[in-house]
Amino acid sequence: MASDENIMPRPLRGIIVPMVTPLLGRDTLDVPGLERLIEHILAGGVNGLFVLGTTGEAPGLSYALRFELIERVCAQVQKRVPILVGITDTSFVESVKMAHKAKEAGADAVVLALPYYFPAGQPELLEYLEHLVPELPLPLLLYNMPSCNGQVFQPETVQAAVEIEGIVGLKDSSADMVYFHQIHSLLKDRTDFSLLIGHEELLADAVLLGAQGGVCGGANIVPKLYVDLYNAVCSGDLAAVELLHKKVIQISTTIYKVGKYESSYLKGLKCALSCMGICSDFLAEPFHCFRDAERDIIHRYIKELKITEYS
Amino acid sequence: MASDENIMPRPLRGIIVPMVTPLLGRDTLDVPGLERLIEHILAGGVNGLFVLGTTGEAPGLSYALRFELIERVCAQVQKRVPILVGITDTSFVESVKMAHKAKEAGADAVVLALPYYFPAGQPELLEYLEHLVPELPLPLLLYNMPSCNGQVFQPETVQAAVEIEGIVGLKDSSADMVYFHQIHSLLKDRTDFSLLIGHEELLADAVLLGAQGGVCGGANIVPKLYVDLYNAVCSGDLAAVELLHKKVIQISTTIYKVGKYESSYLKGLKCALSCMGICSDFLAEPFHCFRDAERDIIHRYIKELKITEYS
Amino acid sequence: MASDENIMPRPLRGIIVPMVTPLLGRDTLDVPGLERLIEHILAGGVNGLFVLGTTGEAPGLSYALRFELIERVCAQVQKRVPILVGITDTSFVESVKMAHKAKEAGADAVVLALPYYFPAGQPELLEYLEHLVPELPLPLLLYNMPSCNGQVFQPETVQAAVEIEGIVGLKDSSADMVYFHQIHSLLKDRTDFSLLIGHEELLADAVLLGAQGGVCGGANIVPKLYVDLYNAVCSGDLAAVELLHKKVIQISTTIYKVGKYESSYLKGLKCALSCMGICSDFLAEPFHCFRDAERDIIHRYIKELKITEYS
Amino acid sequence: MASDENIMPRPLRGIIVPMVTPLLGRDTLDVPGLERLIEHILAGGVNGLFVLGTTGEAPGLSYALRFELIERVCAQVQKRVPILVGITDTSFVESVKMAHKAKEAGADAVVLALPYYFPAGQPELLEYLEHLVPELPLPLLLYNMPSCNGQVFQPETVQAAVEIEGIVGLKDSSADMVYFHQIHSLLKDRTDFSLLIGHEELLADAVLLGAQGGVCGGANIVPKLYVDLYNAVCSGDLAAVELLHKKVIQISTTIYKVGKYESSYLKGLKCALSCMGICSDFLAEPFHCFRDAERDIIHRYIKELKITEYS
């Protein structure tokens, strides 16, 4: 059976999409929207799908809904691209449980940010990984996300952590390129390791200077743009890089900046997908979808940036 | 049947104990330890038990274990004091589910910090509370805990939130007494509202200047100390306040400061309880109990401070 | 001659006023306003005058103006109360120079926060103090002000620093009472040492639990209020403490909260003094005085709180 | 006379060196060291010299020493490259005074970070610039340095500020490339404006994606490396970029990381210059030069990285 085969390449390269979770209500998936979204993303030529990340609002969803999502996504993707499942949790036991659900459903890897809530020391975090990774039935990508989980992941700790058997990559969402270059330098002999950048605004920087790829939220709405930028960098076409990077920054400074809270990124993404007829823009608590005024602005941006024509 | 009666006073006053969760392993309660701990705490004359708070390591526990804990505590306490249950979660749906478990088990109130992980704006947080509180089957105490959940709870938002039917108190763990005095001033006409202080080091300050009581982690090991301090303040005995406050600060600057990470508070508390023969010192991941060197220091502090003689 | 006598008591106790600096323009003192302000403050029965602190906008003033201010204040006060001069600077050499100016003018002590701009380690800060203090011609009060200078002053560093000959006190403006109680506990054997609280909202807390006094910005406008609160605490009159503390919080939540930036504290203080006819409300760059709309609100608060009748 | 001619190009491009300030003591320049340092830097083919920045320890120096430094540097450079002078100060009046000193000595531009110490709102900071810039006798480069001055410089404020007549560039030391790309996008129509990156680790990223150049501390020790990297980017030689960027990261993760405080950057730079026989490694308070153990490590790094052979 297809789901027994693990199609995760080593290293994983290219554009991985942190998929939004289409919702009809607080505890209800938008199933047709999910199906359309997956096909829309895969049509862009991306290299992987990452469900239940920050963009997927994982912490805001019930466990039952998370399980349902994993199953539906795996069933629909049918191994066309690798599926990565976020298992970040404050509870070790729940993280392991989620990883087993992912394995059973046919996912190819899991992604884990450090446990949040109570601040931990670096040796404590390393020990946590040493305890956790052997319990996981799938390869693991670490996820550095200090702005959300409040845990610093120092280079020395990363260096020790990547030696743990089973860790195959790191997604860095620190937005700190000094840190990123330092991590890249530490990993220079690991040819099988995947260092991915977590902010699409930094995709060009990171891949130009050594990253294997990026996890780009905007690829939910316009996947081909990020694939094209990745390819332009790989082929050394700096003129194309400049143009495509400029487009990425335009999306980031328009669609993600409507509304005044940090959640404007999530709201903008889901609103754009709704305007494009792909899926519902319902958000998990404590957030809500944009009202008409903001939606009109998003609509205008989609036209101005010719989002729907990009294919 | 006893469990149908809600014994939560309005306002709740005095010393509420944020109970540690005795564990034998990553997903196993220390049941005899839990029973001893509850009796030890109640013998100190406290006014309430708060399970599944930060001190109770709630976010680090599996849901199954949390449910088991609630049931065991309610069954043993048998309405001798009100039981408050922490329902803080990143997921709205899971918070509501936990509240219903608490109600079914016979608890008297729930306690909720703002949802963590993704930063939210103040109006978003207020709306979240407006949506959540009507779904709860028990009265709610808000819990301001910015150091752990990363969410600011501005005075204007508190002022609007406390108007929501069903919110009966606020535990402030900001450690910011300027903020606390401002909140107290906003609540001056709410005679049925309970403003509690979340740092035992500030118990004297807060009750001297208007708080209804405190949620004191140290009351796990020496409950009578905090009860005596609370009573000394209530009776205006400033000489006794000075002595007892000094003792509270001694505990805080010794038992909570062994080891170099922020978790030294949790580790110190559990280690002291273990030294005193009350319960196991196993901690939920990503933390671990003190090794022998630190344990010896805790042992010495217990003797020097005459913790076990205080009764 | 009077100015040779140092009238600084050991320990310094009571209410010290961090005097605002009355200005007519960017580099011009409001000399008549300064004279009225000093007499207004001294009439309230305060225990000391602290010039060139944060409330005095010291960092925003030219050195020439700072020197002129010191001379004028010393000349007018004529040893009626001790004068403390802020010498905080990013430059060691300029701090020492300012201290000598203070000594020459007849001041009684200097006050120093840790040097700001570039972050320093705790041993570096301790060594800095070990180098600086012997160069000072006057006794020194340390000034913990992390929100402005960005330097943490850990309890261990404070404990070592207070052993340096010449350091006679510490003003804590961390607004962190857990820290404050810890520092107080470390200093318990230093009967000649003055631990002062830097937020007037915490004056009652701090003095009730061991501080020698407070540095209260509001004492620029209504000095007697803080003197009365200090005396109420000293005499153990908890009913009076409650009333006066409530008044302090009222000022803090009204006059200091007009306008939306953090500078609303400075603007509110100077605007109130201007409304009361005491001195100009010109502020040093990058701030400006309130416009009419905000001034009207301040005027109303002065009336509602009966500020001018409090004497 | 040479000093009357302003040789600042519009836009300024390439590698600008934030020169360290060679000191023999707390208030004494290392004059021969300064001369050697200037010639060493200019031999590397750099495009400008920036004195009295963060790397130049400006805030830690007395004003008299700062004035002397400006004069000596201008006299020696003799218009071979443009000289930029840091005038950042907490006091508006002192900033203006420093700018006039710079003009008189023959400097070509001034550089200003937002005033530090007391936090200000964005409109306050904009107004400050509107008041200050007209008083300056030289063109101004803004300097975004949130880690040291604690002031955020929001894109909207930058956008308004760059319209002020006299502002010709922005040095961004936020280390936040998402921000940097956004600022770059806002400035896209300003062909005469110079956007410079303030972290040498980000030089390749920034110039590849649109920056005019960088302000590189490492160019004090090995100026040609940064010039070569800049040129490699300009000529689109990605293989050379990769090699040179790697070398830059090696310096950053070795020479700047000896010692455990943030000042290790400053100490490492000065120690390396001392090891290379260029100038003294004395640091302004509150810092001190490395002791023998750290110096030995720096020595080894210089050899391993073949710093002195790079020419």
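Every chain is named by a letter (A, B, C and D) in the order it is written, and numbering of its residues begins at 1.
Methods note: a residue touches a chain if its C-beta (ideal position, glycine included) is under 8 Å from a C-beta of that chain, and two chains touch if they have at least 3 such contacts.
Because the structure is a prediction, the values reported are computed rather than measured.
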{"item": "Repeat of interface A-D, chosen from B-C, C-D or A-B - more than half of residue-number contact pairs shared", "value": "B-C"}
{"item": "Centre-of-Cα separation between subunit D and subunit C, whole angstrom", "value": "36"}
{"item": "Centre-to-centre distance between subunit C and subunit A (centres being mean Cα positions), rounded to whole Å", "value": "50"}
{"item": "Two or more partner chains touched - positions in subunit B", "value": "none"}
{"item": "In contact (per the touch rule at the top): chain pairs", "value": "A-B, A-D, B-C, C-D"}
{"item": "Of subunit B, residues touching subunit A in the complex", "value": "26-27, 54, 57, 59-63, 65, 90-94, 97, 114-121, 124-125, 127-128, 131-132, 147-150, 260-263, 266, 284-288"}
{"item": "List of subunit A residues in touch with subunit D within their complex", "value": "175-178, 181-182, 184-185, 199, 201-202, 204-205, 208-210, 236, 238, 241-242, 245-246, 249-250, 252-253"}
